[in-house]
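Letters A, B and C mark the chains in the order given here, with residues in each chain numbered from 1 onward.
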């Protein structure tokens, strides 16, 4: 994937305005919906089994985020993934807090197991926890954080035949074929809640128009965040400016700022 | 309703600070509460049957929004409408996603059937879907979108003895007596999630002080949005500026900008 | 507690980045998480019994906010307080809407009864309602609002062996040993939803690093709000600027602006 393909994927999202169904957490519903709108997509937040079969028949992608998981919403997540499979739609899984509790770790793994066309998007500790013993066995202590995360991501790619996006100072996008390192973004971004969740949602918009590697979404999101942060006095203005940047992002912004390399 | 009556209704909201009870969706709870505060009203978000009888005894209006509908919250919506009826309080119904799924379409109609003093606020496709066959029978294909929406709105006014506000590039407010076309607003507004939901909430504030046509709320919201958008770089700053505009809106803003006509 | 101790408590939060578990209302989940991040803490929003035992074993504090209370979430609040007690962690209770309905009043009192290490943070009417007959008996009619609130706060301190923070034009922080009056803040703050809820969350961050009186959190929040409001055109920009101010707040800001006195 080169710069021109990233620009072209963004143009596709803006033209096709894909519908992205989100079962997401209560904290980020508003800003992930706004991130999808700003990038040109159409968000629907829905979690009821009673309407998920209809929803997935006309949606372009499904985003599942376990950030405020409970036993009331959990069954709806599995049902939604089944409907996405039925309709051959991509599923983006954001395993928020994976590793922090058994409920989250096991739910994340079971959802990944179930999804036919999967992209996982998480931070290093979530990805490492989700991969579990497999990455541990390779000796986490001996590796730096990004090596451990990369190893875990590769293990997940193998286990679930998926793409994995690991967010961090450097983002890594790991597919069966290759690993991309992306060095855009800004150190203030982790001070805004739901930045990763917004990237997961936006990854759904790109997957819905056929960009299922996760690279284009990660690139445009990190570049928009970088531009936004340069004009921000703190995380409050960063959250606002990010939506403005996503909305205004130009081919020139992408071409002049993109820093990525194959590992 | 003339300019002076719109200004006077806004002054009433600011003086009386009516309490508006909202059973709304998870996506827009924060920004609709903020829109109500910015316009001078007092929001309460509540969905529990256990406290709805008390709530509706001292509230000025009830806003029901089905944007993240499920079977857990659905019974509470019907119970709340019954309590509003009991206390002779206006109900504002926002049929989010009506037409997209059977659950939403049927719930919207049943709630409308139940409410004694009703205002419906939706976009054209929701209003057309809610009116269903009746508007279809008049031949949607032969009409442009706004004619189809107007016809559907008139059908709803007849069916439910309510007012209907149809949001769009031009807003239409249809009552039993007349139809008002309102041409304020800005094309960037649909890029912020929950703009319509915020208007529905604000419509509740105006209904609580006796302005039950829906005209004044639609007018002040569209004008505030227009002012906000003129100073915005994108949907992030628009969301922020809208709250500032609602808070600052003056009689002069309304008088100099209002563009409405009877159809 | 003097200025230097407040600065030192803020530095501790920024260095230790305490994990604060929140069972809070749907309206303010996003902005309370952002307030915690901006002040340097790590928020987790969680309400499921299935993960609360694990959560409270590694969390620094628990914040319970009853703003959108229902019978589904209510048992999880009690279970979480039990887990906090088990782990000797402070509990911050925000009795949103206490007095408005029986459900809220009785739930607030029962939660307060259960918590071993408690700080209550509410506005005057919530604190007066929560104290109930005890403060009534002292003759509310004869007192001005802040005297009534102070009397109620003292009654709660006695009943529950807790600290009480009463937010208002002047904030009062009442502990067993003393009463502090804090005159920072800005009259525009009540026009943003969840300002009090954000202070409750931030109070959790300070309690997690050992500042369990509630004074330091109230002081830094009011000063940040004051700085933010001076640069705001309305409640939209105030919400944004508050996060920037919390993030940037310096020792000098605190030392030059703090207005507090012992009553």
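Note that in this section contacts are C-beta pairs under 8 Å (C-beta built on N, C-alpha and C of every residue); 3 or more make two chains touch, one makes a residue touch a chain.
On a predicted model such as this, the values are computed, not experimentally measured, just so you know.
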Residue numbers at the chain B-chain C contact, same meaning over half shared and different meaning under half, come out as different
Superposing the Cα trace of chain A on that of its twin chain C calls for a rotation in degrees, to the nearest 5, of 120
Taking each chain's centre as the mean of its CA atoms, chain B sits from chain C at a distance in Å of 33
By the touch definition above, chain A meets two or more other chains at residues 26, 30, 72, 239-240
Counting only contacts in the complex, chain B reaches chain C at residues 26, 29-30, 33-34, 37-38, 43-48, 50-51, 54-55, 58, 72, 239-248
The answer for chain B against chain A in the complex is residues 25-28, 30-31, 67-72, 97, 100-104, 190-194, 232-237, 239-240
